[in-house]
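Reading through the structure tokens given below for one structure.
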Amino acid sequence: MPKNRLEAFSDGIIAFAITLLILEIHIPELGPGVDNGIMLKAIVALLPNFAVYVISFLVCTVWWVSHHTFIHDLHSVDHVLLWANNFFLMFIAFIPFPTGLLGHHPGNPVATAFYGLVCMLAGFAFWLMRWYATLRGGLMKPEIDKTLLRHRVRISFLSPILYLAGAAISLLYPIFALYIYTAIPAYFAFRTLGYGSSKQTLGNPSD
Amino acid sequence: MPKNRLEAFSDGIIAFAITLLILEIHIPELGPGVDNGIMLKAIVALLPNFAVYVISFLVCTVWWVSHHTFIHDLHSVDHVLLWANNFFLMFIAFIPFPTGLLGHHPGNPVATAFYGLVCMLAGFAFWLMRWYATLRGGLMKPEIDKTLLRHRVRISFLSPILYLAGAAISLLYPIFALYIYTAIPAYFAFRTLGYGSSKQTLGNPSD
Amino acid sequence: MPKNRLEAFSDGIIAFAITLLILEIHIPELGPGVDNGIMLKAIVALLPNFAVYVISFLVCTVWWVSHHTFIHDLHSVDHVLLWANNFFLMFIAFIPFPTGLLGHHPGNPVATAFYGLVCMLAGFAFWLMRWYATLRGGLMKPEIDKTLLRHRVRISFLSPILYLAGAAISLLYPIFALYIYTAIPAYFAFRTLGYGSSKQTLGNPSD
Amino acid sequence: MPKNRLEAFSDGIIAFAITLLILEIHIPELGPGVDNGIMLKAIVALLPNFAVYVISFLVCTVWWVSHHTFIHDLHSVDHVLLWANNFFLMFIAFIPFPTGLLGHHPGNPVATAFYGLVCMLAGFAFWLMRWYATLRGGLMKPEIDKTLLRHRVRISFLSPILYLAGAAISLLYPIFALYIYTAIPAYFAFRTLGYGSSKQTLGNPSD
């Protein structure tokens, strides 16, 4: 399987999972002739749903960017990697469910922990894929520095650990756990923003 | 990240968001053996939903065309642009929700204003992306006239301002606001139709 | 806009609309410990939904094939064609709704007529696109015989007329109208099957 | 129709169907202020849904891989193959429904059998496509050994037979049938994993 098919399929599933997030915010049925006050209250009551939507959107787009960068550095694809990737996608496609559960029960410790556990499993699957490609399968581009690649495998193990920590914390301080869940992808997003402002362009028309 | 991956991912999310619009029109459950009169009434009662579907379809396809034109004029992509684009997509993927809310509560001033505010945020994010690429990041193709590019940045700021005006008006005249929401994308669509009839083709097989 | 972007966007919307059809078949909630008889009855009660799913799947895949063939014969794309295509896609993305309505109210004359009217509008939009590209925009490949192209414009007008006839008939004989709705795409599918059995291949790896 | 368009359309539908699986797990509405015990119970009550999600994810990704491998070995596409492929996709896009039905009624013999029958039909359609391309249409790459191709046609007939057997068994031992439904795709997945560990790479950047 050429790299580009693997990437197109993964991009499709990630983009689709992102777009399905909105369906978990159910439209309040307020009946005909509802007045402005009730409508405003109904929208305000959905603020936790909007917040969880934003967090999940951030989580998924960061994984999309990381996935793209990883695939870009791959030299070739074997069947183990293919199935490790499918294992990762299984958790990504699952994210709309804990997103909806948390949005409908904001501040619930168990729902918050469940969200963190699903993200932890996705992060673990991503690490597994990177670990296999780098240290077992020998699938990374040979021109990339081995030390750098091993460093990235280690860094990528941070993500499941932090999500697990967030899930544990959420049982006591669910709101604080949400900040952790946001901080993890935000850290990656801002890190890449740093690259951007140093004028390192990501590609050009002939890339 | 090469331009074409950014575009494919964005196109995917825009196309998915468009297609999800229909799911916000709930099928009336009229029970078995419903007669023609009740069915006809139920369909007529959904006319506001159909109208909002058409407006949102127009809004999203116009953004799809604008997004394509913008990406076409880009020379390269950096991480700031990547995240500005994700910020824009976050609001596009959100549009099915205000579409459903407005369709279920036609004429409600707050639901109409909420719809306008989401479009305003999407328009603002689009302007931000264009502004950064043109005036900060230096990411546009160098052969395109700088004055024209700056003009486009200014024009593109019109969209969030008009949606904000529509949202404000909707608190008093919600139906009139819907005309404004329709007129904004329709203006862009008809403007491009004008290009079309002057026989300026958009591409050919070797493009 | 190059042809291939228009086609990828259209394919995305058509494929997505097709896949959403299944969501309009709601899962019966029979409670825990339901016995086999009730479950079997519940599945049998959904047979009309399954039938409408098959019809809509056929309708949409035939349009996908026709759309592909049409785009293949295009020489270039202008803005009028772009918006005519979006107009067509607006009805395609709408199809899950009448599919669900008809599946939930099998045999209802108005629901059956409504289904036919949506297909008629999609067929009309497709004809409009073909008519514009052939007779107004001059967008078809110049090497294709003009008489053949004009013939195809006329043939393609049959589809909205037949769906309109089906919609009219459905008010008296809704079941018979379903046969018409099935026969229209089946005719096109079998016609292309005829090409296939005459060993005219559709493409090869270098196409 | 070139092979790559057929594959992109099929990949889109398979990826969409996979991602829609999650929507069939409905979010429990437990009201505000729900305590941890009830939330935990609600999540545990969804374990059958999660299990069926995993099975369907596995089923669909294995078909995605098989479909890719099959298309890769095709030399050309004709209209019969195109419609056989659409016939296959009709059952793939249907899978979210039996997945949801089984998840909502775990252990129900009829729901379990229904799941197996849908998979059987998808497997039969896949075999039909392969049989036609190999033995009737002459569409496979001529450089591939004929004996190997005929062997693959026979192997591929195993899948519908095993799903049919699983469906029959499910009427008596529904839980055991679930193991069969899992074992069928798992067998294919592990078989390909075996290829992977023998270092046979699937592609490289120039593929």
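We call the chains A, B, C and D, going by the order they appear; numbering starts again at 1 in every chain.
Just so we're on the same page, a contact is a pair of C-beta atoms (placed from the backbone, for glycine too) under 8 Å apart; a residue touches a chain by one contact, two chains touch by 3 or more.
Not measured: the values here are computed from a predicted model.
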item: Co-neighbours of subunit B and subunit A - touch as defined; value: none
item: Subunit C-subunit D separation of Cα centroids, rounded to whole Å; value: 25
item: Computed distance of Cα centres, subunit D from subunit B, in Å; value: 36
item: Residue list for subunit C, restricted to those that touch at least two other chains; value: 8, 12, 16, 20, 23
item: Pairwise chain contacts, counting only pairs that touch as defined; value: A-B, A-D, B-C, C-D
item: Subunit C-touching residues of subunit B, taken from the complex the two chains share; value: 7-8, 11-12, 15-16, 18-23, 25, 27-30, 32, 34, 36, 39-40, 43, 53-54, 57, 61, 64-65, 68, 189, 192-197, 199-205, 207
item: Subunit C residues within the subunit B interface of the complex; value: 1-3, 5, 8-9, 12-13, 16-17, 20, 23-24, 75-83, 86, 89-90, 93-94, 96-97, 100-101, 104-105, 108-111, 114, 137, 139, 171
